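You will see chain A twice below: alongside chain B first, and alongside chain C after that.
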Partner chain A sequence: MQRAIKKYWPIFVLPTLAAFVIGFIIPFVEGVYLAFCQFTTVRDATLIGLSNFVRAIGDNTFTHAFWYNCAFVVVTTIAINVGGLLVAVILTKAIRGTNAFRTVFFMPNLIGGIVLGYIWQILLNCVLSLLEKPLLALDATAGFWGLVILMCWQQIGYMMIIYVAGLQSIPDTLVEAAEIDGATRWQTFWKVKLPMLMPSITICLFLTITNSFKLFDQNMALTGGQPAHQSELLAYNIYYTFYGRSGPQWRGIGQAKAVIFCVIVVAIALIQLRATRKREVQQ
Partner chain B sequence: MKKKLLALLLALAMVMAFAACGPTGGEESPAPGTQTPAASEPAGEEPGGEAAGSVYYLNFKPEQDAQWQELAEIYTAETGVPVKVVTAASGTYETMLTSEMAKDEAPTMFQVNGPVGLNSWKDYCYDLSGSALYGELTSEDYALKNGEEVAGIAYVIESYGIIVNTTLLAEAGYSVEDIQSFEDLKTVAEDITARKGELGFSAFTSAGMDSSSDWRFKTHLANLPIYFEYQDKGINSTDAIEGTYLDQYRAVWDLYINNATCDPAELTAKTANDALNDFVTGQAVFYQNGSWEYANVVGEGKLSDEDVTMIPLYFGVGDEANQGLCTGSENYWCVNKNASEENIQATLDFMYWCVTDETALQAITGSAGAMPSGEAGMGFAIPFKAAPESSNPFVALDAEMTAAGKTPISWNFTTMPSEEWKNMVGSALAVYAADQTDANWDAVVSAFVDNWAAEYQLANG
Partner chain C sequence: MKQKALRSNRIWSIVMTIVCVIYMYPIFMVLMNSLKVESAISTSTAFDLPNAETFAGLANYENAIGSQGFLLSLFYTAFITITSVLAILIFCSMFAWYITRVNNRFTKILYLLCAFSMVVPFQMVMFTLSSLADTLHLNTPWVLWIIYLGFGAGLAVFMFCGFMRSVPIDMEEASMIDGCSPIQTYFYIVFPLLRPTMISVAVLEAMWIWNDYLLPTLILDVDKYKTISMLIQFFRGSYGRVEMGPMMACIMLAIIPIIIVYLVGQKHIIKGVVSGAVKG
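Now for the complex of A and B:
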């Protein structure tokens, strides 16, 4: 068997590798190249150097979107992970109907972002209008919290599943031993369960951070960046620069923004992975 | 041995499956998130193009997709030239055009919306100055020039104003003759609002600021202050607008939002369909929109021809008694210069056929039953010599008004510096509507005046 794998591995790797190269590597490299070009369609790019990056960084809407996005990442990452873990802890207790509850919490994930965005837009606008507050599209703060609520509602269920799996894989012997040693439930949770959960936390943090940075559909449907770009996250800002603006220079600027965005997200994700990996313990 | 064979077989199956995926994946649009709606390929068309050439039209107007598909089939049946028509979903034309243009088989015929749209695509526009199509135009004004070259040709002329439900207006005790100026309109509208409870309807439909409807105000209504300023200065475009008539713009906007079916604070949640529903269900008398809206307003279960008419968008400036509808075009046909010579020729022939052939003209200008299949025609007014009168009453009304010596207002919104400029004005208008303070209006003025100069610089600097 070992020998067979050694011999035939290229055949098994090739399809995926080819798909990855065609679907990811080539577009990525081309995209980076285009960030240094002025172009209308990707076929007729002319190299213009670094000016796209200068203009991208000088764009106030982009810097605003960056900080707005950072705040959004911090809030949603904490809220989703705390919420997800809490629900997971509750649903690993011996209460009736845990499976039904898990399914219900997971369901929002199955709905597409655009649909969710519009549904929540209607719901939140109703509430705001009853409270006689400005609607979502008129108030960037309301838009921000609207996005947070929407993201939490959608993502808590998904993270919950990962945490449930993590909690279930903790050996009973460890928990029992802690109990015998006289640990309170609180101590067991902090000192035994949580360290054992670090692998789940790593993956959940990674997913929530990158998801919040990449958020696009929900942002487009819920607020559309209104009022006047004040509720734009980075991905939507890039899309808008690329497609929403007329004139040949914007495509390149959008592309430059995308490259900057990619570098930032990769850097943050790597730092986070290193930081949490260090805390993972072996059983 | 058996195991080895099985493994080999499996691997082979995997490779085959992948190979089968390959070409299909390659044909798909390169940009993620673009749909390919309503594409029809005439039967028998071989990829790669024939010697006789073929036509690929990327259509801007989703309302007329079915008619274009039918026309394409008829043309193919008559001449054997394959014509493919693809229609972009509403609001996605630029996105679609961008990704389609990057393909090997790019559209040979596409649309731009005027000088600002042309700015993005001028490197792709074939010079139409020598074409037979250009010779068919009734006036040079309908050609879109890029320097000396004719880059685009307007193929449909449209008018907008205020669509009036005359039956409701009569119930309120007025007739359209009573409205000859902005002051008259204001008096009538405010009287209707005052008696709203008793009458059971409002003066205006909701002035929705959702993206499906906000163009009516940030683009079409905003045309008036621009038009009058251009008239005063005798210019056709500018790098910096002064905003001389923004007080009138505010007056009209105030009138719209404070005499409507809904609370002005809720406008950002109101869509184009909401406004249309207000109008066809008789909840409002006035509805600012254009000739293209005729089919939505009149018909079975909707209003009848006797119920509706259109009046000019009175603005309280100039000679209002002789003001006509706002008439112009933002639909220009362009031919892709990078297409092969046969395809360019085939496209030019197809365009010429569209504006000269009897069946095609009937389909493009006719209304109910004008298509050979018995379906409704496109109902356009087109600026070509061979074109019959349009069957659209709003378009006919425009012709009547012009014949009676009224001056139509031209479409100057095609000179607005960018889409971004419009969005910022729209955004500021919505904020102002929710809280009508002078400070919020100053933000509209700033978005109108300061941002014009800034955006013009960005687009042309």
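Now for the complex of A and C:
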């Protein structure tokens, strides 16, 4: 059978492969190469070795964006997963209106980042001005927490859906057995349900961490990096380096930043997957 | 004991209702303000309900639809999303079937590349991708699906492969022995089995493509073609003084189609998200 299918590769493989080469492989390889060049367009690149990387790391806005992004990832990952799990636990109780609640919590997910960013910008600015505090664009701390609230609002519903599915797949017999053995509810949750949820937790952690690291639209719409690059996440910092700055050196530096960013994201994804995979319980 | 559980459930119901009302408030606020006249929208009055004096009816909506080419943007966004999702469903599922059924080094490398492309941030390829798209004349909404097929292939192939590994090969072998060509086998036997996974992939990819901002902005000719996300960004960014009324109306108009689709296809969307959350 294998041999028969193999002959048909132009039909099965070629369309996707061609698009994949155009949409991913060529830009990726070219991108890695350009990180070592000075260029304004792809054609006029000249190799200049590692100096782009040196300058990228020396760029204060980039290192600031890195730490700002790390803090953001930690806060949002914890908040979203705790929030999502909490809502999921409540919604799997036999309460009335579960479906309606689920609908409401999930809805913000379907709205695009740009739109969400503006909705919250309007709302938060109104709240801040009522409290007589500086607006989002003037205060990096407010921008940070605004972004955290926005992300939680958007993502809790998504993670909740995954946790609900996880909780529902735990066999009742296990929970009953624990109860008969005299476990309290609290113990059942920590010792029985949570270990059984490990696969869901793996995927939710993976999603929240990578989402928060790659966040762009919301960052751009909510604060636009104001004030003075203080609320920039990495993705927006790279975008700004490319398209917001003039001078022939910046594109190369931007590409070098992008390579560093890519390595960080891939490394974190791998470490995280390996770390949580170990803790999963075999069913 | 039972009574106590019942009462606690009722309390939880009430608590969740309150939380849900708060949760929906941001959208409600935009809706409310989109119905006000311009002068009644300021940071101090934004929380007020529209009253007889400030109620503007649908004027803001007419304004937003009329002046900003909203309908055209809606059409472009819908066109791009539908063509891209269809292309991804057909081509990626074929691709995935081939690489799960043919085992050699080449297919293994392809699979790993697809998994890798899921993690890579868009900023890594944005500059080179947009200049490549310009050279190849892929910078119109009509052919943007090629780019989305390439960049969205990772997730789709990954999910299709995950499902296909669990499908027993016997049926396909039987149909081949009965004289079907691989193409017939694929479309008569495998394709119908893929339906649930197709729905998940379609949901996830459509959510991404409909809302995508950066990719179309960098690749399309911004003056000629705008998707909805681009339009809202343009609306917000280009004016010195933002007209809040039409802006709010525009946001509402962008949200409404999504909410309708969501309420109609809720079951599929939620199922799609759950089964899309396969282990990485």
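In this text, the second predicted complex is superposed on the first by the 261 of 283 C-alpha atoms of A that agree within 3 Å, B and C clash if a C-alpha of one lies under 4 Å from a C-alpha of the other, contacts with A are read in each partner's own complex, and residues count from 1 in each chain.
Operating definition for what follows: a residue touches a chain if its C-beta (ideal position, glycine included) is under 8 Å from a C-beta of that chain, and two chains touch if they have at least 3 such contacts.
All values reported here derive from a predicted model rather than from experimental measurement.
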Report the partner of chain A that touches more of its residues: chain B or chain C. C
Between chain B (first) and chain C (second), which does A:134 come into contact with in this model arrangement: first, second, both, or neither? first
Is A:11 touching anything from chain B or chain C once the two structures are fitted on A? First, second, both or neither. both
May I ask you to decide whether A:227 touches chain B, chain C, both, or neither, giving the answer as first, second, both or neither? first
In the overlaid three-chain picture, which partner chain does A:193 touch, first (chain B) or second (chain C), both, or neither? neither
With the two structures laid over each other on chain A, which partner does A:44 touch: chain B (first), chain C (second), both, or neither? first
Regarding the shared-chain residue A:248, is it in contact with chain B (first), chain C (second), both, or neither? first
Contacts for A:262 in the overlay, against chain B (first) and chain C (second): which applies, first, second, both or neither? second
First, second, both or neither for A:213, with chain B first and chain C second: second
Taking the stated contact definition, name every residue in chain A that is touched by chain B in one complex and by chain C in the other, in rising order. 4, 8, 11-12, 15, 19, 22, 27, 41-42, 122, 125, 129, 251
Complex interface listing, chain B residues touching chain A: 3-4, 7-8, 11, 14-15, 17-18, 25, 30, 94-95, 98-99, 101-102, 116-117, 119-121, 123-124, 209, 211, 263, 265-266, 268-269, 418-420, 423-424, 427-428, 430-431, 434-435, 447, 458-459
Which residues of chain A touch chain C in the complex? 1-2, 4-9, 11-13, 15-17, 19-28, 30-31, 34, 41-42, 90-91, 93-97, 100-115, 118-120, 122-123, 125-126, 129-130, 153, 158, 161-162, 165, 199-200, 202-204, 206-207, 210, 213-214, 216-217, 220-221, 234-235, 238-239, 242, 251, 254-255, 258-259, 261-262, 265-266, 269, 273
Residue numbers on chain A that touch chain B, as the complex places them: 4, 8, 11-12, 14-15, 18-19, 22, 27, 40-44, 121-122, 125, 129, 132, 134-138, 224, 226-228, 243-248, 251
Interface residues, chain C side, partner chain A - complex: 9-10, 12-13, 15-17, 20, 23-24, 26-27, 29-30, 33, 43-44, 46-47, 87, 91-92, 94-95, 97-99, 101-103, 110, 113-114, 116-117, 119-129, 131-132, 136, 138, 146-151, 153-154, 157, 169, 172-173, 176, 181-183, 186, 207, 210-214, 228-229, 232-233, 236, 244, 247-248, 251, 254-255, 258-259, 261-263, 266, 269-270, 273-274, 277-280
